[in-house]
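In structure tokens below, several structures.
Shared between the two complexes below is subunit A, which has subunit B as its partner in the first and subunit C in the second.
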Partner chain A sequence: MQGIDQKTYLDVFEQKLYSLRKLKQDLQRGLPAPKPEQFLRGLDLIIDAVETFLSRRVDNLRARFAGKPQELAEQIAFHAKVALRILGSLHQQYLPLLHAESQRNEYLFKPSIEQAVGLFTNSRFELTLLPDFLYNYAFDGRENFANSEVELLEKNSDPDTKAALAALRSKAALTQWIVFLHFPVADRDSALNLCVLAHELGHFVDEISKIYKSLLPIELDKSSFDEFVEARCNTPAYGGTTSKPGGPRLTFEKIFTRDGVQARCYLSCNEMLERWIREIIADILAIHAIGPASYFAFNDFMAYMGAENVTSSSHPVPAFRLKLMLDELKETMGYLGSASAVDKVLGEAMLRVTVGAASVKSRYKDEAKVVQITIEKTLTSLLAKIRPVVSAYSFNAARYQGTVPGILERLKRGIAPIEVLDGVRTKVVPASVVGILNAGWELYKTDIAGFYGQFRDDVPEMERFASLNHLLFKAIEASEVKRRWK
Partner chain B sequence: MIRSRELIPASLEHALIANRVLAALASGELSSQESQDAIEDGLRFLKSVLKGGELASSRSVEADSYGAAMAYGEGVRAFELVEYRPGQNENPTPYLHALLECASALRQDSGDGEAVQKLKSFFETIRDIALASTERPLETVSW
Partner chain C sequence: MNPGESSQAAPHLPDGAVLSKGTLKRRLRGDLIISPILDESQIGEGSVDISLGTRFIRSRRSKMTEIDFPGLTRDDIHSFQESVVAPFDGQYILHPRGFVLGCTFEFIALPTDICAFILSRSSYGRAGLLIATATFVHPGWRGCLTLELENLGEIPIILRPLSTVGQLVLLSASKLPEQPPAKLIPVGPMFTTLNEDPRWEKIQALCSREGTVVAETRKPR
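Then we have the complex of A and B:
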């Protein structure tokens, strides 16, 4: 106990509740249309639920501990702390989303994204694209947003509080999925770079289709796990110093128990394995969904980030991921088997990433080593379970050859490829979004000098590049309109 | 990249459960429905701790293994703080099983003062560990 009395806790809670409600209203007022109605209702539900939870619980506790002032004070302090933590998390995690949304523009590709998601789910969802100054792409999706939090409070309440919370929840009637896709603001004008969003959508499809869960159980590799636990047990605590010269070395095993060390090792491997496999699932889904465009966009994104070829707690090594994408293009999707321009570029890339992936093998350590070996041992069966989810929509080599050349031919001449001749060249049809994106990447990777050659000499090269992106955006938007209104 | 936003992380949920058990023990009305529900959830938590231990030993990653592993980590930490003394048996499983028996006895209204004390020490530690892990820094300084 910090010596803070219950009145202070309850007063502080009231103040914070008021200021959060006001802040939310102010941010809501600044949002462009259409507003994320479901998300806003979810925020209201959480704020109302936390208020109800605390006030009802306090009433209950006052009756229950009427003759026990010390217990009452302790219980009220605990409940107020929990309520304040939740409001604090709301402030830190969710209100910035509203703030970012006030900077949102209407994006030309959002209808195409929504249509793509619609192929995988009948669930109701609210999807928002958020420009972010944090330079990365991110998927941020919640199933049963707000409802699940309120249900948790219900579970830990007395019957009266439970009933009041359940009533709030049923009144809110929220959409099943609320999803935010974050992208760097600097990429807003680049249709080519924004292809990374296919990977973020892959995370959404994974969540909807429960792909990760279908891959479980997975057993962590025994030998590397035992080695990891042993190394942790013998890790010197406090930087390796001993209590006195020549004295016994203080290790983690001496501070904690061996079971305690093993529990921590297992937890960190568990978390890393889930994160890495989910990244692999999203990579594979994206490569099937938009073909080589996904590989090219990732390759350039990693270069832009100056990414080192090392693991992180959230992602496998870049070269391993890029190789996995190229392997998928080659082995399952029929690419890298011809003399076409795109296959030539992909073939050259394969040589580089194979070397990159091999060079890192001996450098895996601790939980990364356990997780990498576990994934490599189970990779064949993992991939076999991921592919069926997307196989019907796979942009394989045959589809590429059937759609991209016609689009590319128009793009090369500086024409927005909104419509193209169909496969049998008898009628004009709206160009496919995936075809447009791949044509853009093929042009950029194989013949950008030819495209630039159409401009006056005084037009800077990056403006010529920007024109390519404008053509792509225009084609994506207009072809989608034609598809919907034909 | 996946961004996780959890308003009520697993550790805060564990703190809520532990506190409900403590409230039940402190209320002196162990037979009331509210107390019995709390003891029942405490029992469920202890089973989850033991499941986490089994999963850690078998190195099996399952659908609910993260939550169980987290509960196990908290359970072992509580064992280290409450029960374990250097030189003694460092396996937490017998201690966790004994707690399970205490909670079961209280659930059947046959627990004694020792059972209450044992559960109180454990769940108090769990509540404090779990609550502390969701704490935000009061201040951040960088230069």
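Then we have the complex of A and C:
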């Protein structure tokens, strides 16, 4: 008991229910069209369900515990807390997404993203792009997100309340994936930087296709794992303090036994392995989907983040990932085999990244060392299982050469590359979005001075750079319209 | 040849001659860019139909007491105007007496021997929508053209991106020696740049000689 009476809980619940419902309506009114209908219906479902749950439960409890005021108060307080927790999650997790969405600006590429994701899934989904002040790109996919909140209420319900909640769920009929793609608000006007979204979309494709499940479990590298367990067994517990001077040294092994330490190590290694594998899947899907543009954007993103060349519990080391992308471009997609401008840039990057990836090897420790070695030993078979998912759409070197030069030619002259001649040069067709993005990156990496040269001398360099991104956005938007025009 | 790659060898037309449909089609496969052409029927005798774009600049209430261009800064201008986007499957509602800047959906790049005029679609005018614009487009110009839209009627008008709002009449012009350098390559409507007009300084100098001050910088309060 926290010394808070049931009346306070119920009053607070009423007030918060009212204020959150109003806040949601206010935010909803501020949303630009088209509104995320499924997400909004999900929020309504949660709010209605919480209200139904608590009012019904309180009535039920009052009948059941009549004459037992102490027990009744405790029961009501417990149920009110369950309901308040759900409202808290609505406030903290979901409404900020609605708020962020009301700030959205120029999502001229959203139709193209939806089109691209549609190639990989027959599932219906609702995609929302969320500018974020955290400088990060992230995927946040929720399948039937509201239903899971309501199911939590059902667990704490009597049969009648359960039935009422189930009826609400059924009425809301939430069946779609709700996909949020977070991106740094500072990148909202940069078509080049936003190419990092391809990686996040890779996570979505992985999530719906369950690629990671087909790759896991993977047997951990025995030698490095044994070494890790041994080190962990001998690690002093509690910062190395002993029970008394001269007494036995307290280690993890002494506290948990060797089997216990091994089990914990096994668990932590596998958790890290799954996270890293999922990042690798997204990297590979992205590099196939949009080719060198994915590498260039990721490279710039790492630079802006000031990312150190070290591992984290969630991601493999940056140099390893960059090398993985370049290797994929070279070995599977046919890049780095010619004297073209883009191959030259990629070749120079390969030299740097190879050194970076090698330099970090000696610094892998603990779980990261086990996971890294495990991945390196199984990488060939991992990649062989990931590639088929995207191979039909792979933006390989042949596709690059077939699409990018024509687009690039226009872009160089300050023309939005919306349409180009088709492969046999007889018909004008909409330029491919992936071709547009790669042409943008090639121009930026190889001849940006030439592009800047067509502006008046008094135009600041960053405005000239902004012009490049504007042309790319325009081309992406208008080519998509042309593709859909009947 | 890629569209826009190089100038086509073309029979010489006198300056100011309206380009025929055949000439337009031929030049559109060469160095004249009006893109995207969603329907072939957009191309007519001497003109190409143009559509409304997805970007707008609308006015908003401001603490500025008046607009006086000399001394106005970019921040001042953004204090009474803001950019908005209506997706291509969306709409923009223009209320009676409302004013908004729109743009052509088509990206236009004129070769150095072609100039153009924009004409608004009279059917819209009859419904109360005025599409006024700086109608002349210089040879060598690149970008999406800004349109000034005003609802003079009594009921709101829904503006739908991609709807045909006017036509671009194209004429031959004396060829410029080279492509003029760009200040901007707009892909949406442009904010006013009248504050940058160098003539204000001359007017001010003239007035101060006469002992009169006509242009002060007025900041929002």
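What we mean here is this: the second predicted complex is superposed on the first by the 398 of 486 C-alpha atoms of A that agree within 3 Å, B and C clash if a C-alpha of one lies under 4 Å from a C-alpha of the other, contacts with A are read in each partner's own complex, and residues count from 1 in each chain.
Assume contacts are C-beta pairs under 8 Å (C-beta built on N, C-alpha and C of every residue); 3 or more make two chains touch, one makes a residue touch a chain.
This one's a predicted model, so the numbers in the text were calculated from it and none came from an experiment.
Student: On the A-aligned overlay, A:Y452 touches which partner chain: subunit B = first, subunit C = second, or both, or neither?
Tutor: neither
Student: Tell me which partner A:L153 touches in the superposition: subunit B (first), subunit C (second), both or neither.
Tutor: Only subunit B is touched by A:L153; subunit C is not.
Student: More residues of subunit A are touched by which partner: subunit B or subunit C?
Tutor: Touched residues of subunit A are more numerous for B.
Student: Which partner does A:S89 contact after superposing on A: first (subunit B), second (subunit C), both, neither?
Tutor: first
Student: Quick one: classify A:K222 as touching subunit B (first), subunit C (second), both or neither.
Tutor: In the superposition, A:K222 contacts subunit B only.
Student: What is the contact status of A:K474 with respect to subunit B (first) and subunit C (second): first, second, both, or neither?
Tutor: Only subunit C; A:K474 stays clear of subunit B.
Student: In the overlaid three-chain picture, which partner chain does A:F465 touch, first (subunit B) or second (subunit C), both, or neither?
Tutor: neither
Student: Could you please specify the touching residues of subunit B with respect to subunit A in the complex?
Tutor: 1-3, 5-8, 12-13, 15-17, 19-20, 23, 26-27, 29, 33-34, 41, 52-53, 55-63, 65-66, 69-70, 72-73, 76-77, 79-80, 84, 86, 90-92, 127, 131, 134, 136
Student: Per the contact definition, I'd like the list of subunit A residues that touch subunit C in the complex.
Tutor: Per the touch definition, subunit A meets subunit C at residues 32-34, 105-108, 110-111, 406, 409-410, 413-416, 418-421, 425, 428, 430, 454-459, 463, 467, 470-471, 473-474, 477-479, 481-482, 485.
Student: Could you pull out which subunit A residues touch subunit B in their complex?
Tutor: My answer: residues 46, 61, 64-65, 68, 71, 75, 78, 81-82, 85-86, 88-90, 92-94, 136-140, 142, 149, 152-153, 155-156, 158-159, 182, 203, 213, 216-222, 225, 254, 256-260, 262-264, 266-267, 269-271, 273-275, 278-279, 314-315.
Student: In the complex of these two chains, what residues of subunit C are touching subunit A?
Tutor: So the residues of subunit C touching subunit A come out as 1-5, 29, 33, 35-39, 54-55, 83, 85, 87-91, 105, 107, 109, 142, 144, 162, 179, 181-188.
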